[in-house]
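Please find the structures below.
In the two complexes below, chain A is the common chain; its partner is chain B in one and chain C in the other.
Let's look at the complex of A and B:
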């Protein structure tokens, strides 16, 4: 039975990439696939020995107006819910940053004067992690706004993998939803601060909406939970593990070094987390 | 009016704690939180609400099952895989209404959905603070950022306040692009690590494209002083002004627990005040060499 675990958080900087890449390391014998869907800031590859990187472009469709066929009737602008088209007496203006590539303008133009052309918005990188499986990372081009199409393209590379770990973007809106959707389990990484707690509540809510089972791992643990245990109980979500606060770990991780060497007990923590996730699935 | 926005690319570098500190140090300012996905500035500033406004990011398709003839056209045209067997997946639907317009029997309506709220609040001492909450699972956070920004900028003008200080979202995408509109100076909050530097470089490239000035603050510099050095060097090479550095301090977390800002503690205030001064000078453009030079 295949298993897909997404690693998400709500708040940024809680340690999603640390957990996702360290999990990949300890599960190396199962040849996992790690997908970095934090396409605005893809960093997973910085923390794993990746080689043979292949790059594929990601496009999305944008409307192109044929001036010879256009009668400037204004229907395209009328049907665009996103305000991405404006029709002037002799010209149609397209605002790519507002376009959602839904195709309504092209499909509903009575003159068939609108076609759609590919526009480059990012790339998907695929590589092998030396002795540890595969890595796929989406990367949004700088200046582009829409990350979900790049996340979708990265996730399409999942086909056939037995064990997939998804490193998710922060937040709880469309990019995070796109990343966590269809996972078997969502591992939420939080920190025991009021910020961590506030954003964890939103992430738990998002998992509920998606119908994805969730578990919590508390990072930078120093013995004070700041209300996180209460919050977890309220949602009926288990706390699967604690990663102690450690300057050594922070320093090693900052340099892209193997966190399991800087904090030997991290491996045990993550193995127990993984075992609990497996048990909850059976 | 000048608008200063804090950004970092990477999350968790300390944007919110620094924003709150700058607000505490500024003589006169209006405040906004553009991180509508994970609104954390109110945790530190504890505003008392003045007004509350409903926000709808867009519409969602609703299918009238009695009118539906199961022709499947809606499912065919939907690019978001939001319709399966005449059922709408609200989390996937982007509200483009293509389905509703193409349905031959007019069985599909698109209805506005409440997706969040934005607030005007007051913080001590009699300052106005705009912030918002987007519901989990919603989209178009950039549009809500624009609403908060418009309200904040209008209020600045009406009250004749010279400065707007805003906390930004992580990343480089939709909400960040929206947050950057009209900004005079971006304070880049860097965390000294391989990913902190990578993300800073990406956000800086975006600022260059949009011709927006920036100034760097390195936070938690002592967690990894080698990378802090690399970050300083990068700033020098790319001609990003440097406002100063702040060590890792557990008081940042204590402040959050107590609803204070780090600058409410005297030692941290003494450390952050000169950094704020350099940022302010750069924003006003009053002095040409107000920033630390290398």
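Let's look at the complex of A and C:
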């Protein structure tokens, strides 16, 4: 049975990429696929020995108006949920930054004056991690604001993988939802601070709405939970592990080194986390 | 100058100017030819996305020629510019009547580029 674990957080900087890449390392014998869906700043590849990187472009559809056919009736602007089209008496303005490529304007134009054309917004990078499986990373072009199409394209590369680890973007808005959607399990990495707790609550709520089972790892653990344990109980979500605060780990991570060497007990923590996830699925 | 729009916090000429464009509560449209006004609740203010361009579309569709506003962003400004609607600086908190009078007397400064 295949297994997809998404690693998300709510708050940024809690250790998603640390956990996702370290999990990839300890599960190397199962040849995992790690997908970096943090497409605004994909960095998982910095922490793993990746080679043979192949790059494919990602496009999205944008409306193009045929001025000869357009009667400036205004229906396209009316049906656009995102205000991406404005119809002037003799001109239609298209705002690509607002367009969500839903196709409503083209589909509902009574004159068939709108076609949809591909626009380049990013790329998907695929490579092998020496002795550890495969890596896929989505990368959104600078200046583009809509990341879900690149996340979708990266996740499409998943086909056939037995074990997939998805390194998710922070937050609980569309990009995070797109990354976590369809996972078998969502591993939420938090830190025991008020900010960490606040965003963990949002992430737990998001998992509940998505119907994805969740478990929590508390990173930078120094013995004070700051209400995280209460919060986890309220959602009926287990705390699967604690990663102790460690200056050595932070230093090694900042240099892109193997975190399992900087903190030998991290491997044991993550093995227990993985075992609990497997047990919850059986 | 015949139709002037003011971004307002309420629905009457005594209401104050709402400094925001896309998310202003009401649009008050003054018709200089008939010396009358109508107020439109700005439904676009509730949108998650594109409230600026949607509000701009409303003004274009209503045939507005001048807009009195506190702040306006680049996309809405582009619509105003290409739609031939002149934008004038209105001070937030003043009454709609006051800024309309000032506009008709030519005392308002034109906004020549987006300021938000």
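We adopt the following convention: the second predicted complex is superposed on the first by the 282 of 282 C-alpha atoms of A that agree within 3 Å, B and C clash if a C-alpha of one lies under 4 Å from a C-alpha of the other, contacts with A are read in each partner's own complex, and residues count from 1 in each chain.
Here, contacts are C-beta pairs under 8 Å (C-beta built on N, C-alpha and C of every residue); 3 or more make two chains touch, one makes a residue touch a chain.
All figures in this text were calculated on a predicted structure; none of them were measured in a lab.
*Asks:* Based on the superposed arrangement, let me know which partner A:228 touches: chain B (first), chain C (second), both, or neither?
*Replies:* Neither partner.
*Asks:* Determine, under the contact definition given at the top, whether A:266 touches first (chain B), second (chain C), both, or neither.
*Replies:* A:266 sits against neither chain B nor chain C.
*Asks:* Of the partners chain B and chain C, which touch A:58 in the superposed model: first, second, both, neither?
*Replies:* So A:58 meets neither chain B nor chain C here.
*Asks:* After superposition on the shared chain, which partner residues are touched by A:82: those of chain B (first), chain C (second), both, or neither?
*Replies:* both
*Asks:* Which partner chains sit in contact with A:144 here, chain B, chain C, both or neither? Use first/second/both/neither.
*Replies:* In the superposition, A:144 touches chain B alone.
*Asks:* Please determine whether it is chain B or chain C that touches the greater number of chain A residues.
*Replies:* Here the partner covering more residues of chain A is B.
*Asks:* Give one of first, second, both or neither to describe whether A:172 is in contact with chain B, with chain C, with both, or with none.
*Replies:* A:172 contacts chain B only, not chain C.
*Asks:* Can you list the residues of chain A that touch chain B in one structure and chain C in the other?
*Replies:* Correct list for chain A: 81-82, 97, 100.
*Asks:* Which of the residues in chain A come into contact with chain C in the complex?
*Replies:* 74, 77, 80-89, 91, 93, 95, 97-98, 100
*Asks:* Can you list the residues on chain A that touch chain B in the complex?
*Replies:* 10-14, 17, 39-41, 43, 46-47, 79, 81-82, 97, 100-104, 107-108, 140, 142-147, 169-175, 177, 181, 191, 193-195, 198-199, 202-203, 205-206, 209-210, 226, 247, 250-251, 253-256
*Asks:* Inside the complex, what are the residues of chain B that reach chain A?
*Replies:* Within the complex, chain B contacts chain A at residues 9-13, 16, 37-40, 43, 58-59, 77, 79-80, 91, 94-98, 101-102, 110, 134-142, 169-174, 176-177, 191-196, 198-199, 202, 205-206, 209-210, 223-224, 226-227, 253, 256-257.
*Asks:* Can you check the complex and tell me which residues of chain C touch chain A?
*Replies:* Residue list for chain C touching chain A: 44, 47, 49-54, 56-57, 60-61, 75, 78-79, 82-83.
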